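Consider the two complexes below, in which chain A is the common component and chain B and chain C are the respective partners.
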Partner chain A sequence: MLSVKNLSIEFSRYGSARRRTIIHPVRDLSLDIGDGEIVAVVGSSGSGKSLLAHAVLGLLPGNARTSGEILFKGTPLTSASMAALRGRAIALIPQSVAYLNPLSRVGRQVYRASRLSGKCRATAARSTDRAFARYRLDESVKSLFPFQVSGGMARRVLTATATAGDADLLIADEPTTGLDPVVARQSLSHLRELADLGKAVMLITHDIDAAVTVADRVAVIYAGTTVELTPARNFADGALRHPYSRALWNALPQQGFGFVPGNQPMEDDAVNGCIYLDRCPDRTGECRCAQPLRPVGKGHVRCCHAQG
Partner chain B sequence: MLKAESVSFCYDNTPWILEGFDFGVGPGEVVGLPGPSGQGKSTLAKVLAGHLAPQQGAVTCDGRPLPEGVFSPVQLIFQHPELTMNPRWKLRDSVAEGHTPDAAAFKRLNIEPAWLSRYPHELSGGELQRLALARVMSPQTRYLIADEMTAMLDPNTQALVWDAVLHWAKANGVGILAISHDRHLLDRIAHRVDESFAPPGPTPPETTCRAAA
Partner chain C sequence: MHAISASFCMAKIGRLVLILSLVSTLAFTLVSLSPVDPVSAYIGIDRMQISTEQEQRIIERWGLDRPAPERFLIWAGNVLRGDLGQSMIFNEPVTTVIGKRFVTSLWLMASAWLLSGVLGFVLGVVAGTNRGSPADRVIRLYSYTLASTPSFWMGLVLLAVFSVSLGLTPICCATPPGVSPDDATLWQRLHHLILPAATLSLIGVAQIALHTREKTIDAMNSEYALFAFAQGESRAGVAWRHAVRNVALPAVTLQFASLGELFGGSVLAEQVFSYPGLGKATVEAGIRGDVPLLLGITLFSALFVFTGNLVADILYGVLDPRIRIGTEEAK
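Up next, the complex of A and B:
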């Protein structure tokens, strides 16, 4: 459904004394999502997860320069085709109610999303009703304003908005942040249902535990680089191959709660060898060479020491 | 001891959010406070830190009411550090609002010296949260209230931050109230988990959302 190959995003910024600096928040991202599949994108804040979503939706600001390839159903996405597909074939499930119009009733907004996806009035009204029923939102909720809905209800309304059209690819940006565990689990199970209907879902999150429970595969991002693309069960099975993926898993409170000191490279640092070089416990001389993402076992890893 | 004694609080026209609430954190003690959203955990945090004044009851820190107009011995850390930093100040100046941390404190939090000469929008949330912590980890801080302090951090940064904070609290006898949805985290870090806001019984099944009548 979606295939991202070696995506990089650069911004130029004017610093002190009008010196122009180039920053690279996204260096080398690759991933693919198939029909009926949830791929979780995990990594620290500032690793470029949200920019990836913006790139796929064609919402990057004007001073961004991208290279690499984004294919949707086998066709490369251009800025014109992204604008045409966005909201129709590709939909975003945003993070919070802040993305809803505060002055419009929620029923109206789900209907409008459905209309904007290209449906006639009658079909849009029907799919609005279906979306409300699917997410167990009572008829009475339609007349509420966004500020009147609770956190859990808001998640359902946002998911309803994204699914009122018939998008094939859904991008969920941090759908569990700030929710208590019960509501978070519900919101993830809604994503699972969508995938089981054959839709492709990109789940952007830093909640590794949730990602591993609900996703089919996980893409681990570090400093704007895909370091590992692996079946989700490899986390719990201890079959992770990149040292950063292992560090993330071992740092969970319910695992070891251990940590690797240091920080990811700043966006304006140029990195030639392994992106994780300065923090890796297993580094050797070979790590100074460029590291391609290569297939190992059932996944892909960007580490010269990983073995099948 | 940081104490709330039969504290009640409500906003202008809401029902009581806290009603006759008693709570205490001792020096050097780490207390975990779990619970679903909308129960008043964050309101309690603000009342304990003196950001909100309770209508009834009192908050005392080591037997005295919270001082006003000076550096408070009770410091509050929120989930979103970008909202607590002046966007037009370099981070060096924001951090210096609290005190001037030494190089060792920065090292323990894995703060790169280069971050200090940047503006808040140039750093990620995890980097900013550590600077926000450096700002309050002053010798004058006796109690730290961490309201979802690491909810938006990746697990590695979360473990790193808590390691630094717990080490500092232990060395200085600082009491910590940790508010979080994550029970696993609280079980790791807290000496005692307070169930005042935790829901009784098993988790409810998914219900239909209705508009309130």
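Up next, the complex of A and C:
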């Protein structure tokens, strides 16, 4: 369904002394999502997860320069085709109700999303009703304003808005942040249902627990680079191959808050060789060479020491 | 309307009383300390022909020999009974003068207010939606230039161009010479209104356009705009369906809250165009030492500005569902 190959995103920015600096929030991102599959994109804040979503939707700011390839159903996405696919074939499930117009009623906004996906008035009204019914939202919720819905209901409203247009690829941006465990689980189970209906789901999150329980595969992102693409169960099975993936997993509370000193490279640092070089406990001389993402076992890893 | 609760009314009335008493005290103090002498203002150039004895009788009759606090209390007592006194230069009760003049000014202020509000809002939304485009540059240049233009100078330029050179518009007043306001036709009145209203609104446009532009840029970069774009909404669609509504709210309230500036602007514009409104009456009352009229107008303008702010407050509560429903649910 979606295949991202060696995506990089650069911004040019004017610094203090009127010097133009180039920052690379996304350096080398690759991943693919098949039909009926949930691929979780995990990584710390500032690793470029949200920019990936914006790049796929064609919503990067004007001063962004991208290279690499994004294929949707086998055809490369251009800015024109992205504009045509937004809302119709590719939909965003945003993070919170802040993404809804605060002065417009919820029902209108779901209906509008459905209209924008190319439906006529009557069909759009029907699919709005269906979306409300699917997520057990009462008819009365339609006349509420975004600030009146809370917690779990907000999640369902946002999912309803994104699915009112029958898109094939859904991008869920942090769907569990700030929710209590019960509501978070419910939100994830909605994504699972959508995947089981044959849709492709990109689950952007830093909740690794959530990613591991609901996703089929996980892409681990570090400083705008895919370091590992692996089946989700490899996390619990201890079969992770990249040292950063292991560090991420070991940092969870139930694994004892394992800690690796250092920070991910800044967006304006130039990096040659392994992106994780200066923090990696297993580094050797070989790590100074460029590291391609290569297939190892059932996944892909960007580490020269990884073995199948 | 649920937004207007009893406590809201009480608070507003309390504030109004406080403002009016402070304004009247301050105005009365300033007038008492000023070199304005009501007697010579009243007598004018006949001053030389009046004996000291006669002058003394006028002073006693008006109570000018009594101390200022006492005079203030007498005046304030009369004001409370609705009697603002007699205007010396118009020879009519102050309330009548203010009433008549305000109606004339109202035409001017209302048209300038509407024109600047609508035009400024539209320009601001266009500029903010197409940030960095040629349209935005032109609108910004216009706004910055006009925002730093004094309104009386603008009025003079317009007069020079449209009335003197082109002869399209009348050079002064609210009606043709010799025609009383009651006999003037609607067209005559509008014809005389064009230039002063244009002066006031051209300058008012700048502020509201810049404010709206800023708010529109915020709205177009907001999270809800991003989600709308992600749903396939076009730039114009996001502007129309999402930004405009969110920007209109602060713009409407700002426009009501700016009634004070409008009032100040009309004083200058009316002076330039000899437009016989409240602003011109203010200047005349000041120059010719008409103390009762001056105090009356001061009180009236305080009331006027207060009303504008009050309407802005109420509108916010009525128009914004977050406040309207929020207060309902809080009960």
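Everything below uses one rule, namely that the second predicted complex is superposed on the first by the 308 of 308 C-alpha atoms of A that agree within 3 Å, B and C clash if a C-alpha of one lies under 4 Å from a C-alpha of the other, contacts with A are read in each partner's own complex, and residues count from 1 in each chain.
In this text, a residue touches a chain if its C-beta (ideal position, glycine included) is under 8 Å from a C-beta of that chain, and two chains touch if they have at least 3 such contacts.
Computed from a prediction, not measured in an experiment: that's the story for all the values here.
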Combined model on chain A where chain B meets chain C, clash or fit: fit
Chain B versus chain C as contact partner of A:44, first or second or both or neither: first
Partner chain in contact with A:86 - chain B first, chain C second, else both or neither: second
Contacts of A:57 with chain B and chain C, given as first, second, both or neither: second
Broader residue contact with chain A after superposition on the shared chain, chain B or chain C: B
Chain B versus chain C as contact partner of A:181, first or second or both or neither: first
Partner chain in contact with A:99 - chain B first, chain C second, else both or neither: second
First (chain B), second (chain C), both or neither touched by A:147: second
First (chain B), second (chain C), both or neither touched by A:165: second
Touching partner for A:113 - first (chain B), second (chain C), both, neither: second
Chain B versus chain C - smallest C-alpha distance in the overlay, whole Å: 5
On chain A, positions contacted by chain B and by chain C: 148
Chain C-facing residues of chain A, complex: 57, 59, 83, 86-88, 91-92, 94, 96, 98-104, 112-113, 116-117, 145, 147-148, 161, 165
Chain B residues touching chain A - in the complex, by the definition given at the top: 35-38, 79, 110, 112, 114, 123-127, 148, 151-160, 162-163, 181-185, 187-189, 203-204, 206-212
Chain C residues touching chain A - in the complex, by the definition given at the top: 223-224, 226-233, 241-242, 245-246, 249, 320-322, 325-326, 329
Chain A to chain B touching residues, read off their complex: 42-46, 136-138, 140-141, 143-144, 148-153, 156, 177-183, 186, 206, 208, 247-249, 251-254, 257-263, 266
